[in-house]
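Each chain carries a letter (A, B, C and D) given by its place in the written order, and its residues are counted from 1.
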Amino acid sequence: MKRIGILTSGGDAPGMNAAVRAVAGKAMAEGLEAYGINYGFAGLVAGDIHKIEAADLDGVIQRGGTLLYSARYPEFAHEEGQLKGIEQLKRFGIDALVVIGGDGSYHGALRLTEHGYNTIGLPGTIDNDIPYTDFTIGFDTAVNTNVQALDRIYDTAHSHDRTFVVEVMGRGAGDVALWSGVSIGATAIVVPEVDWSMEEIANKIKHNRANGHRSNLIVLAEGVMGAQEFVEKLSEYGDFDARGNTIAHMQRGGNPTAKDRVMASKMGAYAVELLLAGKGGLAVGIQNNQLVNHNMLDLFDSKHEVEVSLDKLNDEISFK
Amino acid sequence: MKRIGILTSGGDAPGMNAAVRAVAGKAMAEGLEAYGINYGFAGLVAGDIHKIEAADLDGVIQRGGTLLYSARYPEFAHEEGQLKGIEQLKRFGIDALVVIGGDGSYHGALRLTEHGYNTIGLPGTIDNDIPYTDFTIGFDTAVNTNVQALDRIYDTAHSHDRTFVVEVMGRGAGDVALWSGVSIGATAIVVPEVDWSMEEIANKIKHNRANGHRSNLIVLAEGVMGAQEFVEKLSEYGDFDARGNTIAHMQRGGNPTAKDRVMASKMGAYAVELLLAGKGGLAVGIQNNQLVNHNMLDLFDSKHEVEVSLDKLNDEISFK
Amino acid sequence: MKRIGILTSGGDAPGMNAAVRAVAGKAMAEGLEAYGINYGFAGLVAGDIHKIEAADLDGVIQRGGTLLYSARYPEFAHEEGQLKGIEQLKRFGIDALVVIGGDGSYHGALRLTEHGYNTIGLPGTIDNDIPYTDFTIGFDTAVNTNVQALDRIYDTAHSHDRTFVVEVMGRGAGDVALWSGVSIGATAIVVPEVDWSMEEIANKIKHNRANGHRSNLIVLAEGVMGAQEFVEKLSEYGDFDARGNTIAHMQRGGNPTAKDRVMASKMGAYAVELLLAGKGGLAVGIQNNQLVNHNMLDLFDSKHEVEVSLDKLNDEISFK
Amino acid sequence: MKRIGILTSGGDAPGMNAAVRAVAGKAMAEGLEAYGINYGFAGLVAGDIHKIEAADLDGVIQRGGTLLYSARYPEFAHEEGQLKGIEQLKRFGIDALVVIGGDGSYHGALRLTEHGYNTIGLPGTIDNDIPYTDFTIGFDTAVNTNVQALDRIYDTAHSHDRTFVVEVMGRGAGDVALWSGVSIGATAIVVPEVDWSMEEIANKIKHNRANGHRSNLIVLAEGVMGAQEFVEKLSEYGDFDARGNTIAHMQRGGNPTAKDRVMASKMGAYAVELLLAGKGGLAVGIQNNQLVNHNMLDLFDSKHEVEVSLDKLNDEISFK
């Protein structure tokens, strides 16, 4: 093995650059060359590929976004696209790949492995919705971005005795909402994985207001419904002077946190070790604080486990 | 004069606490007592009033929100409410007041002055929409909150070659959008004070994309329209993979910036000096870097001047 | 059991307030009363104790420092002090305690348990130097504070092709330095747990500068030596235009990160569960992502394990 | 005029990149070409010069440091160096220059003007120590970095009833200390421009501690003495459990604030306008919120005016 290709795929996530740097840095330390593929699988097929020099890695660990850009490219599901991609790998002499992205991008990675190009997947998404890993690259940063926003919103809620419904990202998963909600001591955290009732939430707010806690923050996972819709439905149960806020895409950017940088660095180096050991078709994760790998096929049948106990914890300690 | 009352009114703004601290601190330094009135004019009428002790001012300069709370209270426009308020002032022995809030609250302040209770107004709002002051307390913090959010959104726009329409606050005024937009080098800044055309903006984006600048941020003042509506109208002119984001209430909270803390401190001390000089019915401002005061009556007929040249500046230097 | 006492001891750490809130909130949810003891063991002995009301817990999860204050109080090592403390516990009807602090404070906690007052210890220190827990409350925040400072220093290092030696906290342990160093891609991380040579570090800098990487950051654990001393010794091996920086006490303050808030919340609730189960003399930790408890006695003989492999990881992927 | 050269000189300051972008962007908008000169006057002499393309200006307004690098180069004081620099200007066809840096760099700028190459100076330094401008590029960011650090240190000071002496930058000027000190409500601000007595400061701390304000922050300008030295001298007047902290170089980096970005943008565009009007040897500033220019010769005889009244203001409103 002489050349490792790296691409980022799906929505960008803070820490992707730290992962790219770790893969490339580790590859160079092992005497290999690293090649960057721009715009994910689209760029692979188009041959938008360049050698990564050591100097390109200066000052990137701290940057949000992805220096390799990203793009959706559903065409890679078809063999035609895959074969074109493989043409390009041959052309650039790339022997193996690391793909950083959501589990959607693992399908393409598995196809490349089947075609004889070992590919390792790293979990890069703020949504934390990938099976067989406790955390994904970008999740910690996104949660902290939300928490800083919620701290600010708390100031206004507290000054005005107002209820805020704050919608956060996570696609179908409630992780971002659960961590964000526990961190602000939310009146309620509403996620797809836990049953909830609007009436109960309304009663909680009423209880809080009756007991002098008139500022109430509700953290809402986007997988449930939109903030404005929630506010409207909530208002059927009383007048809470409620406002809907949607934190939106700022969750996806910004300098990554230390945890995301360290985890991405570990995972990136580990991916190169797996490739050097002749492995492919594996998804890297972190479970119980240890680096792990699982066959990508296993992931497709599995569902990410959400730490739903956080909802109960929040309810208990935020009891008022 | 022995006792000065302080209240905050209208939407909260970062730096209001710094202003409250400055008024109370300066009052104490002058041998006076300071009284806090909770929930603005509503609390004045209700008698929700307490003596401020020096210890209450520890660690408040850095806090967002308002420790005196705020509330809307349109009832204070009627003389009945005013007379009730004056009853309370008498009851607590308060001789004069400082009101921190938007220019809406200056009406109530002027009424109190006419009733013999000198009242000074400080401009506390993130919207920067008060006449006779270059800056309001909270504006600088809100703009910096936006700029940090825009920096994050830029990461995603750049990684995905995407167009973002980011709506910021400001009520009817474009100041927040103009400062935020110049700070991120926006493709366009859309404010109520400057003529604009959707077609031109679409052409700019097309031009940028044709020249390799495929990430485009448009900063939109809430006074114009909503982000989602803008995205829809924009999409009539082409497919820009555009997303709408609304930064919303987080702009109103958070630790104030140095500029807001220093300006609020100056204005707060100055308000006490004016009261000690027997003045009332005056609105404090900062113009050309100097503390100024104007008769509140003059403000009601005036319009805040927006630095519209920022839009042209941004266009020129963001030329691509 | 009706009343649980809570105190914070040793150096303050971000997340202590989240832990206090969780202990008190969980206690109230279980029908117990929570009592706050100010200034650690000193306040216990002095009887500086008050009932915590639900309203006291509003808006504290986001605050740095400790609302219960902290103080050193070596006198509590003597039985005289302990007996006085127990007098106070009796006086206030407190049945059991939670102590949040470094492992030094676990000695006092164990004494109280031996005297019949079950006490649970929570690891509250930025230094991460407590055995039987992967992370301490405050560590993640301190590391992120450092990383933000290092990002800033990188800007200047890069603009001026300069070497910076940045000293971070951690007392005898290298954890803070290791995580901070990996996060910035340091040229070298110098910690007490790993052998190192000044000559090698100087050679690395020379190698980097010869290869066009002229900005070099060295992250130094305070347990090794001071930044200025390091700079002087380094300069014996060449002229690196090196500057020493000491990040100092700002590492101990600030709003806690999401991770610290969530972990402190979990640990606080867990401590109450242990007390309700009639347990005492236990130190709570988190290992492999799971809440654990260990007999305090075991901690006194143990040494915290440092993840020294982070140093090797950093060397490899920062290869230039 | 067809080509404008740009260089940054002296210590880097946040906002320098925004200024470079504005100069280059405005130049391009006027149909000119912009050339970047790396490493200040050293790079000018060495011919380290390149054409700036529009794409180089993407995503730089938000970056700290200087993308044109900086270096000290005292040799430019000699005519030999100047003539070499002019050789390079001729070689690259550069007709006029903008120099961004401290007033030290204005000497070189004036020499170039005298040699027939019109040069405009922009005030780029965090120290705010340049005459004829109320603010320099980078000052607002540095102050806010300090204020965030002071907010953190306050948490620890407050939790431990401790005194902190925090040294901030500013070279010979007290501006950074004054703004930082007012922003945190310092017990004392110690700057070169205002007489002070250690005994008085000690008495203030004693007074505060006697009145229940046991956390005391003293903000110290580096132009006076070092933090450790100050702590030692202070301790001659009592035991204040005082610690010295030096914020150091992190003040010079980081994403610039909105104010610095907007001001740098205005100044950069204005510099090009002056060059287009055939002017040279002028220093751009902002006074009373208006862009101004002054002959560089006038600056050399002048002293920057410090807003010393901030010290008195702080004393008054921090009265305890």
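What we mean here is this: contacts are C-beta pairs under 8 Å (C-beta built on N, C-alpha and C of every residue); 3 or more make two chains touch, one makes a residue touch a chain.
Which protein is which chain? UniProt says A, B, C, D = ATP-dependent 6-phosphofructokinase.
Please read all numbers here as calculations on a predicted model, not as lab measurements.
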Which chains lie in contact with each of subunit A and subunit D?
B, C
Quick one: compare the interface residues of subunit A with those of subunit C and tell me same or different, with half as the dividing line.
same
Would you identify the chain whose Cα-based centre sits farthest away from the centre of subunit A?
D
So the centre of each chain is just the mean of its C-alpha atoms; given that, what is the distance between subunit A and subunit C in Å?
28
Gap in Å, rounded to a whole number, between the CA centres of subunit C and subunit B
38
Just give me the whole-number Å value for how far the CA centre of subunit C lies from that of subunit D.
35
Where subunit D touches two or more other chains at once, the residues are 148, 151, 154, 158
Determine which chains touch and list them pairwise.
A-B, A-C, B-D, C-D
Residue numbers on subunit C that touch subunit A, as the complex places them
21-22, 25-26, 28-29, 54-55, 57-59, 61-62, 134, 140, 143-144, 146-148, 151, 154, 158, 179-180, 182-185, 211-213, 215, 255, 257-259, 261-262, 265-266, 268-269, 287-290, 310, 313-314, 316-320
Touch list for subunit B against partner subunit A, complex:
8, 11-12, 14, 63-66, 69-71, 145, 149, 151-156, 158-161, 164, 243, 245-254
